[in-house]
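Read through the structures below before going on.
What follows is chain A paired twice: with chain B in the first complex and chain C in the second.
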Partner chain A sequence: MKFTVNRNAFLAELATVQRAISSKTTIPILTGVKIVLSADGLSLTGSNADISIETFLSIEDEKAELTIEKNGAIVLQARFFNEIIRKLPETTLTMEVLENNQVHIISGKAAFTVNGLDADSYPHLPVIDEKNQLKLPVRVLNKIINETTFAVSLHESRPILTGVHCILSSAKLLAVATDSHRLSQRIIPVEQAMEDFDVVIPGKSLLELSRSFKDEEELVEISIMENQVLFKTKNMYFYSRLLEGNYPDTNRLIPDNFNTEIEFKVTELLAAIERASLLSHEGRNNIVKLSISSESVVLYGNSPEIGNVEEDLSYKNVKGDPLDISFNPDYMKAALKAFGEGEVVVKFISPIRPFTLEPTESDATFIQLITPVRTN
Partner chain B sequence: MDKRTLYDEFDRLEEDTQGLVRKLVEMKQTMSKLIETNVNLEMENKHLRERLIEIEERQLELSSTKQELSKSRMNLEKIYEEGFHVCNIYYGSRRENDEECAFCLDVIYGERNK
Partner chain C sequence: MKIIEKECMFVYYRVEGGRTMSNELRFPLKKDISRKIIHVDMDAFFASIEERDHPELIGKPLVIARHPRDTGGKGVVTTANYEARKYGIHSAMSAQKAYELCPKANFVPGNYEYYREVSKKIHAIFHRYTPLVEPVALDEAYLDVTNNLLHSKSAVKIAKYIQHDIWQELHLTCSAGISYNKFIAKLASDYKKPKGMTLVLPEEAEDFLKKLSIDKFHGIGKKTVPRMHELGIFTGEDLYEQDEMMLIREFGKMGYSLYRKVRGIHDTPVEPDRERKSMGRELTYGKLLKTEEEVTVQLRELAEKVANTLKKYQKHGQTVVLKIRYDTFQTITRRKTIPEFVNTKEALFFQASLLWEEVGDITQGVRLLGITVTNLYPLTYENIVLPLWNKELVDW
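On to the complex of A and B.
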């Protein structure tokens, strides 16, 4: 194997696959990055038990200035390899595999010879049937990820809740995540008719995936296999393990009859919640109280040992029964941040039942649920 | 230090060490006894607590005014308020930091004929 490449272009590819490489792995070869050179270009692979990323640098990519002299493959320790490339003096570098898996890296006057591992001993990535695909713009997928993954559980006590439940059926893609304290669900219509699926993708994988995308305008092709999912863009294959087990039925958690409804501007409500949470964070109980009547809507924060805060909220519209309800402001903040701009309608049943948040121009495609805190 | 004192010193050290070992064995025995009683007490405590909860529940049932919930749901509500999950996802485990759980709330208050 021998090739010359632009250092920055190579580093960018390396950074992407390194997302999947962990120094703490039980399989030693997975601390390495696999480099494969073919006539079309250069592909890099990194993997851990959960996710695998393969990127492709095409010979036609002009910025990469890739010239290939001889095909081949090698595995190199990712951590120091990255450091070496980062510190090389020139804008291009040349790599050549010598005998016994030794690699010669040259850039300007600097020359490294490092020991690699045989590429044949690197585990094979799963083969995924690419006929069964769902195509989405990266922008849309990123949006879904941002709207749901924040609600996944961070506790391993129920591993299934650390994932996002994705269901494709009747031309709709539904993504839902919950940690049992709050829930976030997004539904989008999709055009492609592929086989329906019902899978749970680890939240961590989706976050890494979202960070690995470089171009929002690209299309990503999603393929599902028994226990793997593949997200494929032009230059990247992102594989993730799926979570096994049955995801609890979240549909029944979302109520459909309400007694009190109130509309807010997202930015205004968020700012008020943030103010109120300043004190609740300092106190022992992280709780704020919302008091709704037909005349006024007041937000209270009270921490006995520190002080209290009270704010008359400006709202768009209120209807239904008066209500006093307490909740954890952090869940409210996270929920409102997922909405971004616009207006939101908050719907309540009673002080002890979960309440929902939806965009005002609701077509039931994005809904969040928060459980209140019972006080007595 | 001459050879003689060295020898004496060794003798003394040997004695000391043996003393230490004796103490160690003693302490270990006491500790295992303590652990044993601790486990026994814990078990007893647990049983007593269960009994207590039972009695309290019985009293609550008698004095209850909230008739909207069925008896069994009220039991669940009681357990939930004691700080345990009653949903089929986390059933029986402790609610961390007394955080509320949407699944439990559904079990307690949700409509069953959905």
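On to the complex of A and C.
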């Protein structure tokens, strides 16, 4: 194997596959990056058994300045290899595999010789039936990920809740995540060209996926297998393991009758919640209280040691019964951040029932649920 | 000399011209002598109750503990009457040792539920005079009588009324210490016993404290006394002579506090509903536990008892402590602080089992197990959980 490539273009690919490489893996070969050179270009692979990423640098990509002298393959220690490439002096580098899996890396006057591993010992990635695919713009998938993954559970005690439940049926894709204190659900219409599916994708995988995309406008093709999902773009294959087990039926948890409703500007409510949480974070219980009447909506935060805050909130509209409700402001903060700009309508039932947040211009495609804190 | 005040807490002494006279921080000393505090300490409380109810015990050495011959030598003395104390018997001593010191002593097993009832009656008497009563144990309490219900300026008069009421109504005696803070009041109640009353006025406080042996100072225990002696500190007077920063360096926060206490400064208020800081249960097993199964069964039982106490007081806590005593009397405690509050028997059992797995060694034979929850907070709030796993219909 021998090639010359633009250093920055190569580093960008390396950075992507490194998202899947952990230095702490129990399987030594997985600390490496697999490099395969063919007549079409250069492919890099990284994997941690949960996530596998393969990227492709085409010979036709002008910025890559790729010239191929001899095909071949090698595995190199990813972390160390990355350090070397980053510190090379020139804008291009040449790599050549010598005998005994030794690799020569040359850039300008600097020449490294490093030990590699045999590419044949690297695990094979799953083979996926590419006929059965759901196609979405990257932009849309990213939006779904941002709107749901923050709500997954971080505790391993209920592993299934660490994933996002994704269901495709009746030309609709539904994604929902919950940690049992809050829930976030997004539904999008799709042109369905594949069979229905019902899978749970690890939240961590989705976050890494979202960070690995380079072009918001390209299409991503999603294929599902028995225990794997593949997200494929022009130059990247992103595989993730699926979570096993039954995801709870969350649909029945979303209420549809409410007693109090208020409309807020997202940015204004968020700023007020952040102010109140300055104090609630110092207290033991981390709760803020919202006091709603037809005349005013007041947010309270307090810490026995530090002091307290009271803020008369500006709101668009309030209707229904007066209500005092306490909740964890961090859940509210994360929920509001998922809305971006615009306006939300917050709907309450009672101080001890979950409340919902939806965009004002909603057609029930994005909804969040937060459970309150019961106080005596 | 110029004094630079920093946040009114730190005073920095410095000579004009930049030459430092004292280059260390000096903390201002503020003595609050506005309060009137009584410390009431019942005289040999448990023993006195038994003598009252069983007059045949009067005048003979009496030890509240099960007789060592009935327990195979286990058990400790909870109280000894004054006759028994003449033999060197004191509370917290092993019953066996007490028996060796005075074989003819009467050993009476304690009836603690009953003593608790008596204690409640005593507290009711305190509350006739002030609402500011801080219970320390069944047999002692602090009273802040600065503003008392009799509108009396004399704390001595109130202490006399209390002693009188307790004697008239319960036929028990107590000793009272009266001063302007809790620290001195407690020392004063101990100064003359039984049936004593000692008043320490603000102007007498320093002399009173200087004369005390160092081990009388609250907070100086078995481990600290030898360190004090090494530093040449045997009395209050020796302590008084010490430099503040030296005490802080040697003893940390306690050093800071001792520097003040020996000057009669102690501002801790009388806290009427002082919250319990921990709740726990421990059990000593007559027959050693020798299998993991036995330990599991006992931990489950203790967890349930502690959970019931927590429930009764509407508390939950963040730290679980497991105490293990082996056959050899080696005792270990291991604590674990968790992000979420625990108060159910399941959660307590789970945490205690993890601690047992971590440090327990069944091969040594277990004599005692205990589970305690600390870092307690009132159960005034509950994070509502979505019923994800309940199959029943959700009716919001």
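FYI, the second predicted complex is superposed on the first by the 376 of 376 C-alpha atoms of A that agree within 3 Å, B and C clash if a C-alpha of one lies under 4 Å from a C-alpha of the other, contacts with A are read in each partner's own complex, and residues count from 1 in each chain.
Basically, a residue touches a chain if its C-beta (ideal position, glycine included) is under 8 Å from a C-beta of that chain, and two chains touch if they have at least 3 such contacts.
As the structure is a computational prediction, the values presented were derived from the model and not from experiment.
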Joint occupancy of chain A by chain B and chain C, clash or fit: clash
Partner chain in contact with A:I287 - chain B first, chain C second, else both or neither: second
Touching partner for A:P359 - first (chain B), second (chain C), both, neither: neither
Partner chain(s) touched by A:S326 [first = chain B, second = chain C, both, neither]: second
Which superposed partner A:G116 touches (first chain B, second chain C, both, neither): neither
Superposition-derived comparison: chain B or chain C, residues of chain A touched: C
First, second, both or neither for A:T178, with chain B first and chain C second: both
Which superposed partner A:G32 touches (first chain B, second chain C, both, neither): neither
Touched partner set for A:P372, first chain B, second chain C, both or neither: both
Chain B collision site on chain C, chosen from 221-229, 293-301 or 311-319, when both complexes are overlaid on chain A: 293-301
Residues on chain A lying within both footprints (that of chain B and that of chain C): 161, 178, 180-181, 183, 248, 252-253, 328, 352-354, 369, 371-374
In the complex with chain A, residue positions of chain B that touch it: 81, 87-90, 93, 96, 99-106, 109-110, 114
Chain C residues within the chain A interface of the complex: 377, 379-389, 393-394, 396
Parts of chain A lying in touch with chain B, wherever the complex brings them together: 155, 157-158, 161, 178, 180-183, 248, 252-253, 328, 352-354, 369, 371-374
Footprint of chain C on chain A - complex, ascending: 161, 178, 180-181, 183, 248, 250, 252-253, 255, 257, 284-285, 287, 326, 328, 349, 352-354, 369, 371-376
